[in-house]
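What follows is a group of structures, each given as structure tokens.
Presented sequentially are two complexes of chain A, the first with chain B as partner and the second with chain C.
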Partner chain A sequence: MKKIWSIGLNTFKESFRKKMMYILLVFALIVIGASKFFGFLTAEEELKMIKDVSFSTIEFFGALMAIFGSLYAISTEIERKTIYTLLTKPISRSDFVLGKFFGMAMILLVNFILISLFFIGLLIFKHSPPDIDVLKTLVLIFVELIMISSITLSLGTFSSDAFNVICSFFLYIVGHLTSYGRELVERTENVILKGLGDMLYTILPNYENFNIRDKVVVGVSVNWAYVGNTVLYGVLYIAIALFIALYFFERREI
Partner chain B sequence: MRRKAWPYLLIGILLFLPLGIVQIRVDYERKVQDLESNLVLMPGQMAGSLVLGGFKGLAADLLWLNMEEYWHTGQHYKMLPLLETVSWLQPNYILVWSIGGWHMAYNIYAEVKDPNEKQFWYDQGIKFLKKGISYNPDKYDLYFELGWTYYNKGKDYPNAVAMLEKAIKFPHPEYVNDVLAHAYEKNGQIDKAIKEWEYIRDNFVTFVPVAERMLFNLKTKGTTIPKENKD
Partner chain C sequence: MSIISTRDLTKIYVLGKNREVVGLNRANLEVNEGEIFGILGPNGSGKTTCLKLLLGILFPTSGEAEILGRPPYDTEMKKQVGFLPENPYYYDYLNGPELLTFYGNLFNIDHGLLARRIDHLLELVELNDARRLALRHYSKGMLERIGLAASLVNDPRILILDEPTTGLDPIGCRDTRNLLLKLKGQGKTILLSSHFLSEVERVCDRIAIFHRGNLLATGTLAELNARYQADNLEDLFVKTISVFDNPETGQPGAAQ
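Coming up: the complex of A and B.
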């Protein structure tokens, strides 16, 4: 555990040297800040727009950070050949992968907290402190970001950077559409197609599970059972992605 | 240190089993809590929902901003398709339904000259509000909006009473009871109007002077409406 923590901490510290993370963070803050300029609308409309823009920005820029941060987490170590030094020490490959994952999770957490605090500050400034549903939405977005990060990290253990980035973005988009796809498949009477659809529905990440913001911004409340089940879904998917990452990384010739 | 890799893959694959079970629970919760958007069920609009994916709210906001521009430049007709689209994207956004209904039954109604056209837009407004209620049947807002439109614009008091009675079944502000009391009176249900004003007097402090005046007028003159204002 100590080894994992050391690698994680090192990954976290290393991220401070990456300009891209700062740029994404600044862009996210600018977009959220810009949502304040809907002052010409009624108070109710303005508040809804601030929430809509902020949730979407937190998710979108968070996804960019998760994908690009995790993309280079392993490949850079291999390219720079620093991994050889690391693996000659009593560090297993699984320690290395898990350390990288926890490092990325820490980076995402810090960025997420910064952006979320800015958003919450904006709501307080507008005399509408965040209610529990806003916090539930933020929790689910964060779990989604960690899930995206774990998938990109997993892809990075066996593929090139170019393939990884395309695949991660593809899964990000598809992951928001799986429920629609399933509804289409449910209409077909072809048993094979139905079975295939169900299998894909389970295997592909379902990011739409984490999307409650469209309802929360219009005042619909979501219960804790849903949040709990969705977090459990996220944790299981992260575990699957990490086990697959461990499998491929153990087999990889370095 | 290299370990055997296949147990990781095995565990990873086995974890899809609990994942599938959790997904079934999540799907169930989404249906129970009405978190499904049902967009795919609307023919011809599926492509839009696919493209928008996770950012429906943002798309709705952008359309709303366009609509604001049309509103302020008096281009009411151009607002209609946008209203339909925003309500399709976020059917639980009450404001879209109430503003849409208001635009049709009041603003466009006022703009057209032909009485048949006026009736058409009034009916469209009513229809739009009813559609909104079908998506939001557990909130007072649209029952009130519809009740008010029947009462104020259509002078259709029986329907106004029916809708306002539904509105007060859900948590609501005081003025809903106020309008209901007036609607009872206009609908000839004086006894019910008196009861409603008594309820208002006993429960809403800010309305006490108004309620007492209304009760006095109803009990002594049988109406709260001054002679010169009667239709």
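Coming up: the complex of A and C.
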């Protein structure tokens, strides 16, 4: 575990020395900060706007960090040949992949906490401290970000950066549209199309499961059972993505 | 006693449809405990491929490789091995002590012991004055030296060095040579690959000559000079390779 922690910590340090992460963080804070300048709205509408913009910003910029950070986590080690030295140390390839994953998770967590604290501070400034539903929304967004990271990391163990980034963004978009896709498939009477649609619905990541912000913004509460089940779905998906990553990386020639 | 061995170790690189390159062809190598063993060969001769196969970075197409009787991917074995890659690349945002601490932690070395060892290693490779300098500001020679320190952070029983003097000035080369002899005196086994014949001639107990993925000859310099009727290592090197490339000339010393 100490080895995984060491690799994770090194990944974390490396990412925080990259300008891209700071730029994304600053952009996210600017967008959230800008949401309070809707003075022409009523106080209630302004609060909704702040929540809506903030949740979307945390999710979108977090997804960008998850994809770009995880994209380079393994490939940079290979391109810069630092992996030659690393893999000759008493670590297994699994330790390496898991270390990279935990490093990315730490990066996402720190960024997520910074942006969330800014958002919560804004709510408190507007005399509307966050309720439990705001926290539920944030928890689900964070699990979604870790899921995106694990998928990009997994793709990176057997594909090029270009293929990986296209696939990761494709899955990010499709993952938010799966519910619409299923509705379309349910309307069709073609058995093959229906079967294919069901299969894709099961296999593809369903990021829309993690989206409760539309409800929370308008004051609809989401029960803990839903949050728990969605977190469980995310954890299972992350575990499968990591298993695939380990499978391919164990066999990869460097 | 043999401490590193390969049996018919073969690596064929598949570069695309119907295109294969033999990286290493049925190599049988034995390195004895306590010796400095040099691997020689021109570029693309299979030296680095052999080292990567021994260290589990590459997977063999066929054959076997063992260090301390264990397979290349064995983590217990790796605890006793230090490795310096050719043209080492490290995390350029770290400084010397941070890099050594990172690698030391992968060996689960006690913090106090690791701190003392890092001080000693930085002194040894003369990088103590550059403790705070990030690796991205290091010269090629400094990178080679911190790489050497990194390969010694676990006080290894076996040291595997791929072109350890590349980028070093003459004084750096001499210091590295002296260090290798000192480490040998401490009982360490050293396997090194090099282009520099004079370096190999001065420090190695035995050598192996590789060419086009084939292990052409193994032995002490005296044995090989006698076998190939060579005057020195350079002469031996040229003759060994020429015999392989032009077998019809009938020169002595067909592949051993």
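Note that the second predicted complex is superposed on the first by the 254 of 254 C-alpha atoms of A that agree within 3 Å, B and C clash if a C-alpha of one lies under 4 Å from a C-alpha of the other, contacts with A are read in each partner's own complex, and residues count from 1 in each chain.
The working rule: a residue touches a chain if its C-beta (ideal position, glycine included) is under 8 Å from a C-beta of that chain, and two chains touch if they have at least 3 such contacts.
Every value quoted in this text rests on a predicted model; they were computed, and no experiment measured them.
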Fill in the blank from the handout: Max touched-residue count on chain A (chain B vs chain C) belongs to chain B
Exercise for the section: For A:183, decide between first (touching chain B), second (touching chain C), both and neither. Expected result: first
Exercise for the section: Could you look at A:80 and tell me whether it touches chain B, chain C, both or neither (first, second, both, neither)? Expected result: second
Problem - Touched partner set for A:43, first chain B, second chain C, both or neither - result: neither
Exercise for the section: Go through the superposed model and pick first if A:92 touches only chain B, second if only chain C, both, or neither. Expected result: both
Exercise for the section: Considering only the touch criterion stated at the top, classify A:202 as touching first (chain B), second (chain C), both, or neither. Expected result: first
Exercise for the section: Identify the partner contact of A:3: answer first if only chain B is touched, second if only chain C is, both if each is, neither if none is. Expected result: second
Exercise for the section: Have a look at where A:114 lands relative to chain B and chain C in the superposition and call it first, second, both or neither. Expected result: neither
Practice task
Considering only the touch criterion stated at the top, classify A:53 as touching first (chain B), second (chain C), both, or neither.
Solution key: first
Exercise for the section: Using the superposition on chain A described above, determine whether A:223 touches chain B (first), chain C (second), both, or neither. Expected result: first
Exercise for the section: Kindly list the residues of chain A that each of chain B and chain C touches, one partner per complex. Expected result: 90-92, 251
Fill in the blank from the handout: In their shared complex, chain C is touched by residues of chain A numbered 2-3, 6-7, 10, 13-14, 17, 80-82, 84-92, 251, 253-254
Practice task
Flag every residue of chain A that touches chain B in the complex, lowest number first.
Solution key: 38, 40-41, 44-45, 48-49, 52-53, 55-56, 59-60, 90-94, 173, 176-177, 179-180, 183-184, 201-203, 206-209, 211-215, 217-220, 222-223, 225-226, 229-230, 232-233, 236-237, 239-240, 243-244, 246-248, 250-251
Handout entry: chain C - residues contacting chain A, complex
Key = 52, 55-59, 73, 75-76, 78-79, 81, 83, 85, 87-91, 93-94, 102-103, 105-108, 147, 150, 160
Fill in the blank from the handout: chain A partner, complex, touching residues on chain B are 1-6, 8-9, 11-12, 15-16, 18-20, 22-23, 25-27, 29-30, 33-37, 39-41, 46, 49-50, 53-58, 60-61, 64-65, 68, 90, 92-95
